[in-house]
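First the structure, in the form of C-alpha cells, and then the observations on it.
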Amino acid sequence: MEAESTSVAPSGLQATDASTIAERYHTVRSFTETLCDPLETEDYVVQTKENVSPTKWHLAHTSWFFETFLLKPHLDGYEPLDEQYAYLFNSYYIQAGERHCRDRRGYISRPTVAEVYAFRTYVDEHMDRLLADAERRRELAPLVEIGVHHEQQHQELMVTDIKHVFSVNPLRPAYRDLAPSSRIELPELAWTAFDEGIYEVGYEGDGFHFDNEGPRHKTYLQPFALANRLVTNGEFIAFIEDDGYRRPELWLSEGWATVQERDWTEPFYWEKHDGQWYLYTLGGMREVNPSEPACHITYFEADAFARWAGARLPEEKEWEVAARDRPMQGNFVDEGRYHPAPLHEGADPDQLYQMYGDVWEWTRSAYSPYPGYEPLPGAIGEYNGKFMCGQFVLRGGSCATSRSHIRPTYRNFFYPDEAWQFMGFRLARDV
Amino acid sequence: MEAESTSVAPSGLQATDASTIAERYHTVRSFTETLCDPLETEDYVVQTKENVSPTKWHLAHTSWFFETFLLKPHLDGYEPLDEQYAYLFNSYYIQAGERHCRDRRGYISRPTVAEVYAFRTYVDEHMDRLLADAERRRELAPLVEIGVHHEQQHQELMVTDIKHVFSVNPLRPAYRDLAPSSRIELPELAWTAFDEGIYEVGYEGDGFHFDNEGPRHKTYLQPFALANRLVTNGEFIAFIEDDGYRRPELWLSEGWATVQERDWTEPFYWEKHDGQWYLYTLGGMREVNPSEPACHITYFEADAFARWAGARLPEEKEWEVAARDRPMQGNFVDEGRYHPAPLHEGADPDQLYQMYGDVWEWTRSAYSPYPGYEPLPGAIGEYNGKFMCGQFVLRGGSCATSRSHIRPTYRNFFYPDEAWQFMGFRLARDV
Amino acid sequence: MEAESTSVAPSGLQATDASTIAERYHTVRSFTETLCDPLETEDYVVQTKENVSPTKWHLAHTSWFFETFLLKPHLDGYEPLDEQYAYLFNSYYIQAGERHCRDRRGYISRPTVAEVYAFRTYVDEHMDRLLADAERRRELAPLVEIGVHHEQQHQELMVTDIKHVFSVNPLRPAYRDLAPSSRIELPELAWTAFDEGIYEVGYEGDGFHFDNEGPRHKTYLQPFALANRLVTNGEFIAFIEDDGYRRPELWLSEGWATVQERDWTEPFYWEKHDGQWYLYTLGGMREVNPSEPACHITYFEADAFARWAGARLPEEKEWEVAARDRPMQGNFVDEGRYHPAPLHEGADPDQLYQMYGDVWEWTRSAYSPYPGYEPLPGAIGEYNGKFMCGQFVLRGGSCATSRSHIRPTYRNFFYPDEAWQFMGFRLARDV
Amino acid sequence: MEAESTSVAPSGLQATDASTIAERYHTVRSFTETLCDPLETEDYVVQTKENVSPTKWHLAHTSWFFETFLLKPHLDGYEPLDEQYAYLFNSYYIQAGERHCRDRRGYISRPTVAEVYAFRTYVDEHMDRLLADAERRRELAPLVEIGVHHEQQHQELMVTDIKHVFSVNPLRPAYRDLAPSSRIELPELAWTAFDEGIYEVGYEGDGFHFDNEGPRHKTYLQPFALANRLVTNGEFIAFIEDDGYRRPELWLSEGWATVQERDWTEPFYWEKHDGQWYLYTLGGMREVNPSEPACHITYFEADAFARWAGARLPEEKEWEVAARDRPMQGNFVDEGRYHPAPLHEGADPDQLYQMYGDVWEWTRSAYSPYPGYEPLPGAIGEYNGKFMCGQFVLRGGSCATSRSHIRPTYRNFFYPDEAWQFMGFRLARDV
C-alpha cells in the first residue's frame, strides 16, 4: 500500500461478528498506542521524507477516520473536538474535503502529542457510545471493521516510519531492545513446481477484504516454479560482490538511471565499515546476518538480482496460487521481533517457507485492476483504484504487519524505487 | 515504443525473402529521406525536449545501426567514415559502447546535415557491397530486417519530433500543405461483444516481429465489449465542458497530481481563442474538427475520460483478440495525411473501425513481459525488456506509422503523461 | 546576518569589564530560556525551511559554542557531555569539524528537549567553574563576550524562526498574548539633509564589535537626505493598489523574476480576506494597521517601492552617519512587543525616528569588506568575510534584537529575497 | 555585461561626428558578419545553456534593435519585414513588448539563417535611407551610436557563445586556425602603489558612454597597490596543486557550496590527460601554456586564489584610477587572436601591463549604482540599473572586445559563478 493508499471498500462484511466488534476495536486501538510505548514526545513530530508521516499524524489520522466515517454521520449530536482536525488529519480522501499538504506534516507542532491522545480518547468514548446499542453495532460493524483494518495499515506505517526517522538521526537511537538473530547454515534453494492450467484467483467468501482483491476470476497460468524461501542477505552480498550495482545489463532502464542518479551501491539501511556490512534495525546498528532474508530491497534491486540469478520475480497470481494452501503463520508484528528472521534449520526442501510475514514479497505484476473491478462510490470508496499506475504488487505481509490483518489475496503495492517498508523477495522461474 | 525503445530481437526471421531484402532496404532508407523533403537545414538541428531528437540525429542514428550491427561485424575491411560517430549516434545500446547524452543532442551543430547525408550514402554503398553476394544476403537478411524495422520506428519519431519542433516555434511553420478533414455526422457509438474463454495471444508464425510480442500463450478473458470506433474530438470537448479537468474523482492519483502541476486544461497541441478550439497539425494551426479522433491524448486523460464515460480502456489482450481478424487497413503514413482522419459516413454499427492507423490506442495494460518472455543476448537484444516498468501498452499504429511496419501483435509503450506521439483511445466495458 | 552568519572576530575587547562578564553570561543565557517560556516540547523540534532552525537546535548550538571555544580549549579536564553533539550542533564552522546538514535539523528528534536543557546546564556549570578564577575571567572575557553576542544573535533567530513555524501551522498558534497597536494619524514624511564631504565610518573604540564593522576609514559622501521615519503598511498598501507587484519597470531584473516565479502579490505573512488585509504576528492573525512600519519586506520589494516613490534606499554609510548621533532607543526585544510599533503621534518633523529597533533597515549597499578588512585566523574567525557575496546590508536592529546587542556600526546582511526576519526600510534621496 | 544587459542610456553624445556615423554603422555591422565567416548554417542555431544565445539570434537581435529604436519611430512609412520578429528577437526590453523565452532560443529553426541575413540587409538598406539626410543624421547620431555599441557588445557575446557551442561538441571543432602562443619566462610579480586621498571616478566628457559609468563623483581611496600583470595559468596551476579546490577556508561560503555542488576541480574549459593540463580554445584543444593569463575564471575562483596568495582583488575604483592614464592598447578582438596572450618578455616591473584587452578583470566591487545615478526613461533606458544585484564588476575588456568599444570607465558585470566570458584577474593589496 502506498502510505495512505488504504483500500476501504468492503464487498461483503456480514461475517464480522457484531458482538465482538467493539472488543476488536479496542484491541486494535490499544495496540496502536502500545507501539508508541518507546517513543519520546519529540519522536512523534518528525517527518523525514514525503511519504514518512509523523507518528503524531498517524495517531490523529486513524482517529479522524472513525470520526469522519462513523461518528459524524452516525452518532446523533456528535460535535468534533476541533473543527480544524478534519483539515489537518485527512490524508487524501478528496471527497472528504480539503487537507493539509502531505509533505509538510512535519511542520506542525500543534496540536501537541498530549492533545492528539486526548483526541483519541474523545473518539474512543464516542465510539463506545455509538456501539453501545446492539442494533447499531450490527449495522455499523462493516464500517468499523474497515476502520480497524485502516488502523492496522497505519500501525505498519508507524513502525516503518519511525525506523526511518531514527535511522537518519546520527545518534541512531534504537526503538526497542531487540535480540539479534543467529547465523545458521541454510540448505540450497529448492523449487516447487506448479502445473499449467486455469486457476481462480481473488478473494472469495464472507470475510473482510479490500475491493482490489476482487472480483474472484479465472486466469490461465503457464507452468512455473517458486523458490522455497526468501532471498537472503548472504545471497545479496554475492550479487554486490559480483558487481551487481555496476552492470547495466542486469537492470531495468529506469532502475539503472536510478542507480546512477542516487549512487546506489548497496541496499537501503546498509553501510560498510572496514570490510564488514552493517544495517540499521529497530534494535540499532547491527552486523549483517547472511542468513536473514534480504530486506528494504527495491523492486529495481529485486528485479536485477533475479536477472543476475537466472531467474525472475513471481507473478502475483502465481504467488497467490502457491500461498493460499499454506498455513497463515510467520514472523508478524505480533511476534515483537520487528525484523525479518532467518529460516529455521532443517527446513524441508519440498515445502514453501516464509510466505507470510518477515518481508512483503515483490512480484513482477504491475498493480492493475482485476477484470470486473469496481471501486465503491463515495469517499469511503477512495481508493485502491486511483493508485493503479506505476506501482508493483507485493504479497504476504511483513514483520510489521498484524497477523489478523493479512490474507492470501491481500495486494500491497509500492513504487519500484521504494525501500523503507519491510520489502524483500522470492525467486520464480518458468518450467 | 519509447523514443529509442526499439525492440530488435527477432525470434523467427526465416520468412524474410532474402532476394528482396536489398530492395526493401533501399525502399525504407529512401522513404526516410522523403520525409525530410520539406525541411530546411536549420530544422534538422533542433531538440525541443529530452525525448525529441533532432532530425539530423535520427538520420545518423539509423545509419549507425547498420554500421554497428551489419558493416562492422560482417563486411571485411570496413572502415567507419568517422570513428566518433559511434559515440555521437548510439542511442542507448549500452553494450555497444559509450554514447552522447540524450538530452544534449540539440547542442551538436557538427557534423553538418550535409555530412550526415554523406554518412548515409557511405553506409548505403557499403551495405550494397555487403548484400551483393546472395549467400551473405540470405544469411544476413534477418539482421537487415531488424535494421529496416528500426528505421521505420525512427521514421515515425521523425514525424512526431518535427511536429513538436515546429509547434513550439512562434511562427508555427507547416511541415506540408495538408488539406483539412471535413466534419461529418457520426452515428452513436456501438459496442461489439466478445465471449469469455481461453484465447491465445502473442505472435505466431515465421514473419518478423519483436521479442516482446511473444511467446504466444494462452490467456483467459472475461466477457467484454469494445467500442466500434475511436473517441472523437467532439466527445473530448464534452468531457472538458463537463469539468473533466477539474474533477479529481475522475483521475488516477498520479494523473491528478500531473494535471495540477502542469496546469492541464485541454489536450496537448490544443488552444482556445475566442471560444473556439484550435490545434496544431503538421499542416499548421487548425480549428478542431469534432469528428476527428482525439489525438495527442495522454494515458491519464484517456483513463479519466473513460471513467467519466462510465467505461474503461481495453486490456491489450482484448484489443488483440478483437483486432486480429480485421483487415490491416487504415490511415497510415503511406496515405500522406499526417493526421488522424474522421470515420467515413455510413459506417456499419456492427463492425470495429479504425483499429489500425490514425492513432495508437492506449490500453490499460501495464507494459510487462509475457509468460516465458526472454530477450535475446547481446546489444542487438537491447531491449524491449528493459523498459518494462511504469509504461502502458498502445496498439494498432498511427497516421505516422508505415503499413509495412505494423502487426496485430505489435506492442508499443509510453509513459502515462506523454502526448507527443499520435495517441488516442477507444472505450471498452465489461459485459 | 545570515541564520548562522555570526561574526565572531573581535578586534578590541579590552573594555569588557571582566568582573561582570560572568553576570552578563548568566543574564543572556537566562534570557534565551525566557524566550522559550511559551513553547511546548513539540514546538522546539520543527524546521519549516532550510534557514529556519528548530528552537532545540538554537538552544544546543549556542551551548556548543561555549563548549567548543571556551571549555574544550581552556578548562582543564573538561569532558563533553556527549561527543556527538559536536557534530550535531556545529552550524558552519568548517574549521571546527564536520557537521550535520543544515536542511535536516528538523529530522532529529533526539537528543530530546530535556536532554538539550541538561546540556545547557552542564555547560553553564562548567563555565562557572572556568570563570571562578579572576585571572582566567580577565583573560577569557573577550571570548565569553563573543559567545554572549553570538547567543543574542540566536535569540533573535529563535524569535523569527518560531514565528515562521507557527505561521505555517493551519491552527496559527500565538506565541504570546500581545496587545495590537493603535492606528494613529501619521504626519507627512519629512526629510533630513546631510552635507557632502569626507566622513569616517566603521567601529572605533574599545568595546565589543564584529570584525566586519572595521576598520574605521574615511569615505566621501555626496549630499543626501533621509526620511524621518520608516515606510508604513499604509504606504505599502498604496504601492500594491498602484499595481506595484505588476509593473516590471519598478523592479530589479532578478526581483521581477522572483515576483513571477513565486507569484508575489503582497508582503510575506500578509493575506487578504474580503477586501481587508491581515498579517500573521507573534500574537496571532491581525488586521493590518496602516500606521505600523511595513515589516517582513524583501530587498526586492523595498527597492521597487523606493523606485515607485521616486526615492531610493540609503547607502549603509549614509545610514551610519545619520544614526550615530541618535540616542540608542527604540522598540527592542527588551520591550516585549515582538512586533514593530507605529511612530508616536506628534513626532517632530526635523528629527529622525525609528533608527533603532522595530525593523532592520535595508540599505542599497551590497555586503562587502571595508578597506583594510581582515578576518581573524582560525574557526573563531569564521566568518563574516565568507558571506560577502550577493547579500545586502541592513542596519539598526529590530523588535527581536536585544538593546545590549546593537551598535550604530552593526552590519546585518541577508539575501534580497528573504523576508522572515523583521525587515523594513526607510527612504533616502539625492539632494 | 550580462548577456543582454546592454546599457543603452547615453548621457552626452554630441561628440559623435555625425558625418561619419553612417560609415561607423557599416563598419560595425560588417564586422559582425565577418565574425560569422567560419560558421556553417547549423552552427548558427544551437543554444547550449540559458545565457548562450544562438548566433542567428544575435544577428537578428542587433538588427531588431535598429528597427525598434531607429526605423519604426523615425523612418516615415517603415514597414517591418516580419511583424513577429519583434517578439522573437527582443531580448529583455520589457517596455518594448512581449518576447520569446530566453532559454528557448535554441528551439527556433525558423526564420532560417538566410532569412535572418535578409533581415539584416533589409534593416541596413532602410538605415541608409534614414541616414541619407544630413539633418536626420545629426539628430539621430546618438541613437545610432547606441545601436553600434550594442552591436559591439553582441559581437563579443557571439565569440564567447560560439566558443561554448563548439566546446560541448565531442568533435571539438575549431572556430579558426589560430597559432598557439609561446611559453616565456615571466619575471616575478611587481606591485605599483597608489596614494590615499580623494579621487574622482566615473565618466567625464562628451563621448559615448553608458549611464552606469556616471555621474563622475568624488571618492576616498585608502593606500593600495596593484600587481603589474594578470595572474597566469602557471600561477593558477600552483593554486590547484596546493589543494586550492579542496580547502574551504579559501572560499566564500557560496563559492564553496558551488565548488562542491558542481564538482569543480579546475577552471572552465580545462581538462587533464595523463598529468598534462589542456584547455579548449577557439583554435581547438591546446596544452595549457603557463605564461598565458588565466582565463574563464569565475569570481569565486579569483577570490579564492587571491586569498590563497595573501592578496585580494582590486576595488573597481582602484582599477579605474590605475588604468586611466595607461594607453588604450592591448590584445583586443581587432588583433584576431581570440585568446589571451602572454606578457611580452622584458617587461618593465614598474609599469602596469595588460590593463586593457586579454581578459576582463574581476574586481571585488559589487555592481551598484554610483551616487546620483539615474537611468534614462523608457525602453531605450533599459537597463543597466535593473541588474544591480548579485553581480560583480569587471574592467578593461578582453580579446573578444573591440578596441573602439572600451573605455577606462567601462563597467562590465557578471554573476560570481560565471566563466564563459574571457574573464581573468589581477591581484591587489592594501599598503
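Every chain is named by a letter (A, B, C and D) in the order it is written, and numbering of its residues begins at 1.
Keep in mind that, in the parts below, a residue touches a chain if its C-beta (ideal position, glycine included) is under 8 Å from a C-beta of that chain, and two chains touch if they have at least 3 such contacts.
Owing to the predicted nature of the structure, the values given are computational and were not obtained by experimental measurement.
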{"item": "Number of hops, chain B to chain C, where each hop joins two touching chains", "value": "2"}
{"item": "Shared interface partners, meaning chains that touch chain C and chain D", "value": "none"}
{"item": "Remotest chain, chain D as reference, centres from CA atoms", "value": "A"}
{"item": "Whole-Å gap separating chain A and chain C, where each centre is the average of the chain's CA atoms", "value": "47"}
{"item": "Centre distance in Å when chain A and chain D are each reduced to the mean of their C-alpha atoms", "value": "60"}
{"item": "Between chain B and chain A, distance of the C-alpha-averaged centres to the nearest whole Å", "value": "38"}
{"item": "In chain B, residues with contacts to at least two other chains", "value": "none"}
{"item": "Pairs of chains, among all present, that meet the touch criterion", "value": "A-B, A-C, B-D, C-D"}
{"item": "Of all residues in chain A, those that touch chain B in their complex", "value": "92, 94-95, 198, 217-222, 224, 248-249, 251-256, 299, 315, 364-366, 368-369, 371-372, 383, 386-390, 416, 430"}
{"item": "Complex interface listing, chain B residues touching chain D", "value": "40-46, 48, 56, 84, 87-88, 100, 104, 106-113, 165-166, 168-171, 173"}
